[in-house]
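In the two complexes that follow, chain A is the common piece, with chain B as its partner first and chain C second.
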Partner chain A sequence: MSFLDYAPAPESTSILHLKKSYGLFIDGSFVKGHGKSFSTISPATEETIAEISSANAKDVDAAVGAARRAYDRTWSKLSGADRGKYLFRIARLVQERARELAVAESLDNGKPIKESRDVDVPLVAAWFFYYAGWADKLDYAGLGANPRALGVAAQVIPWNFPLLMLAWKIAPALAAGNTVVIKPAETTPLSALLFAEILQQAELPDGVVNIITGAGETGSLLVNHPDVNKVAFTGSTAVGRAIAKSTAGTGKKLTLELGGKAANIVFDDAPIDQAIEGIVNGIFFNQGHVCCAGSRLLVQENVHDEVVDRLKDRLSTLRLGDPLDKNTDIGAINSKAQLERIRELSNIGEAEGAERWTAPCELPAKGFWFAPTIFTNVSTSNRIARDEVFGPVLSVLTFRTPAEAIAKANNTPYGLSAGIWSDKGSRVLAVADKLRAGVIWANTFNQFDPASPFGGYKESGYGREGGRHGLAAYLTSSAVASAATTRGASK
Partner chain B sequence: MTRLAVPKTYKLYIGGKFPRSESGRVYEILSSKGAFLANAAQGSRKDARDAVVAARAAFPGWSGATGYNRGQVLYRIAELLEGRRAQFIDEIRQSEGVPAVAAARQVDAAIDVWVWYAGWADKYLQVAGNGNPVSGPYFNISTPEPTGVVAIVAPQQSSLLGLVSVLAPAILSGNTVVLIASEKFALSAISLTEVLATSDVPGGVVNVLTGSAAEIAPWLASHADVNALDLAGAEALDWISLQVSAADTLKRVLAPESGVPAPSVERVTFFTETKTIWHTKALI
Partner chain C sequence: MTIDRAVALAPAQRATDLIGGDLTEKSLRLHLEGLPGVDAVGLEARAAALGTRSIKTTSKAWALDKIIELIDLTTLEGADTPGKISSLVAKAMTPDASDPSTPRVAAVCVYGDMVPYAVAALGSSHSAGRDDGINVAAVATAFPSGRASLPVKIADTKDAVAAGADEIDMVIDRGAFLSGSYGLVFDQIVAVKEACRREDGTYAHLKVILETGELNTYDNVRRASWLAILAGGDFIKTSTGKVSPAATLPVTLLMLQVVADWYRLTGGASGGQRIGVKPAGGIRTSKDAIKYLVTVAETVGEEWLQPHLFRFGASSLLNDVLLQRQKLTTGHYSGPDYVTMD
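What follows is the complex of A and B.
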């Protein structure tokens, strides 16, 4: 054993008490879906974890109907303080069952247990705790006195942070007084179904949250259901565009959190040790399955060689393997389809003339794996510099002046996030001003907090999640609500 | 044969410990009908000064904790108070002589006040602070910070709700507190300190003195290491002299209120200082 080898330290799955199959969670209980059921597998072993129901049009209708009834009869009649108390209960139950949720998440998603345990699940609890406190303070949300809920929210979430995205969606929706139908991604439904059990333990009134599983078709049925007032989607820009088109003219309020191709800008006066860690965290956190990942490294030319060399050294120490092992840094790619996309784009990168370097690590025989990869000599027109790879692949570009860094950073249809590394505060703030992105991290990367708004410019979507701003996505001012009522009556 | 009860000794709460008054004095807490309920410690000038020292020592840690952390601690107080509902109802009934329903209503309201303020811990800053559009190449942001050690005269006519309604808004932002309990209705205040002591509230964040507000308050009003004075329950005292005395060190002073102060974000921001940070932006 070399000094970098660790004995296996896998987290036990005995904490899980999974069922063989899961139904849809509608109106407070699990019911069988009428679509064709599917298996959810562990991407690290390709073994089946459980059989999952699929919701067809009839099921979607039932879920939206349950949410509507719950909105009309119970949830809209509760005080903000009582809605808050339910959310506090959920936050506490998530904290109590944190270990179990983390194991389930790593099993189903493939992300390292140290991330699900230390990042995803604690943030889930924090999100519910934060928005719990807002439920009876909506007058301070910034929309004037007595803002109103929208009604039934249809929410579709991705597979990269399954439970965290669920929390980002459900917590503000319920705090603002809406009811919810949410669809987790088809490759990662497990933690959402465990979350349904938490809702039962919290005695949340039936129908306030409905969780339906299925593939893209189920999601499409949900967002296009006529009795939905609000659509919130996190996922690819292509699907986001389709939802923006299909909801056009329906009056549904829409928020979209879509793709990204973030620039991570390293100036020559940056604290290099921290920058290296930040670059690694920026693109290899969660196998790069992060919409705000720092996938384009822009390095000032005079420090390029030093940064790249040190980056390669650092990446050579990362441990790839069993997501449930506490020492694992890089877990499994979430699905075969995603692995193929990463492979395809990486091959195109090579074909277009960029120089490929892959971290020397052994890939397990079973499961979906991709070793940390860096491309140097990348030009701005290369597809690996333009397309969202959504994997552990970093493209390195160079710049000479701040103006060039800004121009290159903004040279993308996306605008979700960006990073700046420099010891000079005045430069950081000036560059931040000129970046067309919704979240800017200076001398850090991939920081998330329920108090902090998150969301993109341009084709990275619209609306913000988190913070006070995140409430606006689920509220309307009483002035706008009354005007809408008047218009409706005069029709 | 009926079992003989074991009555509780009601003491002060200073620096996370439960000392007797250094003065060795006690006074009788009587029921609404005049029956003896307990001897409470009669806090002195020395006790007040000890409490300020404890509060000051606890300030860096408590104000340095995240809002999320403080919010969870406040919520924990609500959880534990809920679990000891019966005890508080019993004490309020005996002290105030109110029916059980009214006592229960007071305890429930007090729990809900903790929950309401708990939610503010990581939000008041988002409501009271903001970025400022100054006309120049500067990043400029204003954020509230806790003012320091707050001395509070709790409402005198309410056992629990009055106390909680002044305590929660003061501590949620990170202030530490020296609180003079209701002289007559001191039982709930002391029982609440037992809840605080087991709710992850660090010792010294809340210090509770029982005894005569008229005797203790002047020492706190003139104490140079106290930053603010909440006279909520000082209506019956010579509170104007307290305010005059507080002016020596320019303490922030909240005037007396009749009854129990309603929950409000103003009570939170009153005990904060606004800090504005300017930072240049390079011309590029």
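What follows is the complex of A and C.
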């Protein structure tokens, strides 16, 4: 026996008490949807987890109507301190039910339990705690005295961090005094529906948060609903562009958090062992299903071979398999469609002449899997260096001088994040200053904190989530508000 | 700044191979200061991540036995007596009298003047060069401070080797290291290594204690690790156990990374040199020790989990492992009264 073949250490699913089917969460209770229901499956086993309702136009109307009533009658009349109490309560309930939420997330999404347990769920609680604190301090949000809520927020979130993206959307919206209709992604609705139970447990007033499930069509109905004041979307650039078009001129406030093709820049004086870890974390965290993933590795040419050799050694130690096993590093690809896209782009990479290397690991027979892969000899013109793969695929490019590194890093239609690895502080600051990316990490990668604003340049979207800046997406300064409408939550 | 006269250092084989024949204080310094830096946050995060591995059932049973096989059972007290040494040796040979399947520890680690008693108590179980016995390790070179002249350190070492010590745990001169006199530290290690030579031309194994708690920064630990390897150390060891903090997981991970670099540099799978690592002090529970096993296996590889490449310097760890081992066999926890004190 090899010690490294660690004995299975699966997290038990007995903590989960799932229903066979779930309705839509509208006005404080679960109701049947009128669209065609669908199954949500575990991407690791392809087994059905539960039957999920789909919201049609009538259901979307009901959800928006419930949110409007809750806004007019309840939520806009509460003081900031009282709104904060509900948010604190939600945060504590998330912590209490952390293990259950983590298991549900890994089951439905395919991400390793160590990530849902140690990253996703703790950050969800942190987001609610953070914005709970803001609820009675909106005068200090940088928008002048008495900033006003917008009204009903329509929120559409992706499948890569289902519960965390929900928290990123709901926490600031509620703290600022808005009510919410949110639609989780069709492949990952489970944790949002458990979250609805938490809202019931927290006795949040009915209609303040409505959770509707369904596919892209439901999302489109939601963001285009005429009684919505605010649209927040996280997902692909193509869908983001369509939303920007359809909401233009409607007066709806819009924030978009879209794709990325982040450069992770490694200088020759980098702390090498930690840089390798950072590269791995940058692109293989959450199977690379991360919009800010460091998918383009820019390595200084004189250390290229050493970095690639060490990277291959390290990737060979990653453990791919059952997402619920506590020792799994790489889980399942979220869906068959995504797996096919990753395969297609990887094949194009090979066809375009890049050199493909795949970590030696056995893929389970059932489910959707893709082994950690790196491409070397990649040119800036190759599609794998330009298109967002959204999977565990890293493209390695080289540079010779800091100026070239900056130019290559910025040479993308995206601009969400970037990483810099160097032991020299002055160089880190000088390079960071010239990168056109919303988030720049120095000697680390993929670190998130509710106090830190997150968002992109160019095709990566607009608006910021997190921190004080994240509140601005859900507030309007009272000077504007009083001119337009007096409707709005008081602080 | 003026140009220093080149001060030639002892021509240790590894250092001349790597740095070149003109080994001087300056060339050594340039090499050590040219090593890539260590990012403390990243290193500690990696160590913490390795610490979250979940080692259960069969893997745990294997790990517990492995930990025992890798222990240097240690007593380093001013109050040590021949009687205390012989009971330590008895415990080393039969860690758990209630379960004869329990493996033996790798070595006993004692002060130099206690070596004859340890050798006598071990009798035929003393390895004395064989693979199947228990080694006697002696701390030397004015342990734990290292504050003595070189002739005293050499005499201390020779004395222990002559008395039958199989391994010498020397301390480096941290004062010299921190003041930048890398050459002095280097020459002393080379000299002590030479003092480990027995009459028949074989050598006692040399473990070089860096006392990482006094070196304070990870950059210093990396430099000292390289220095000790270049000077001929067979093992690099974290601590004396007399200074806090003693062994920590990040420090041990860093030293393992240096060892991995050295292995890669000297040929890797085709004949690379394997240097041993010994975390010592502060590792008291099976749970902690298992984190170290995971760290070794996932950084330098499983082949390092052998007594000639990895050791735990510990005294109370053994009993916790025995309690865990009994729990795995019987299904319930016993208590401290079900394992022997020493």
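We take it that the second predicted complex is superposed on the first by the 483 of 491 C-alpha atoms of A that agree within 3 Å, B and C clash if a C-alpha of one lies under 4 Å from a C-alpha of the other, contacts with A are read in each partner's own complex, and residues count from 1 in each chain.
We adopt the following convention: a contact is a pair of C-beta atoms (placed from the backbone, for glycine too) under 8 Å apart; a residue touches a chain by one contact, two chains touch by 3 or more.
Since the structure is predicted, the reported quantities are computational estimates derived from the model, not experimental observations.
Annotation: superposed three-chain arrangement on chain A; chain B versus chain C shows no clash, the two fitting side by side. Legend: residue contacts after superposition of the two complexes on their common chain; A:Arg386 is shown touching neither chain B nor chain C. When the shared chain is aligned, chain B comes close enough to touch A:Gly467, but chain C does not.
Once the two complexes are laid on top of each other via chain A, the angle at chain A between chain B and chain C, using C-alpha centres, comes to 70°, given in steps of 10. When both complexes are overlaid on chain A, the residue A:Trp134 reaches chain B alone and has no touch with chain C. In the superposition on chain A, A:Asn443 contacts chain C only, with no contact to chain B.
Looking at the shared chain after the overlay, A:Ala403 reaches chain B, while chain C stays out of its contact range. By the document's definition of touching, of the two partners only chain B reaches A:Ala430; chain C does not.
Remark: least CA distance from chain B to chain C after fitting both complexes onto chain A is 15 Å.
The contact surfaces that chain B and chain C form on chain A in the two complexes do not overlap at any residue.
The part of chain A that touches chain B in the complex is made up of residues 81, 84-85, 88, 126, 129-130, 132-137, 140, 402-403, 406, 424-427, 429-431, 433-434, 450-451, 467-468. Across the complex, chain B meets chain A through its residues 67-68, 71-72, 75, 112, 115-116, 118-123, 126-127, 137, 139, 265, 279-284. The part of chain A that touches chain C in the complex is made up of residues 1-9, 114, 118, 269-274, 277-278, 317, 326-327, 423, 443-444.
Residue ranges of chain C in contact with chain A, taken from their complex: 36-39, 41-43, 45-46, 52-60, 62-63, 66, 254, 257, 293, 297-298, 302, 305.
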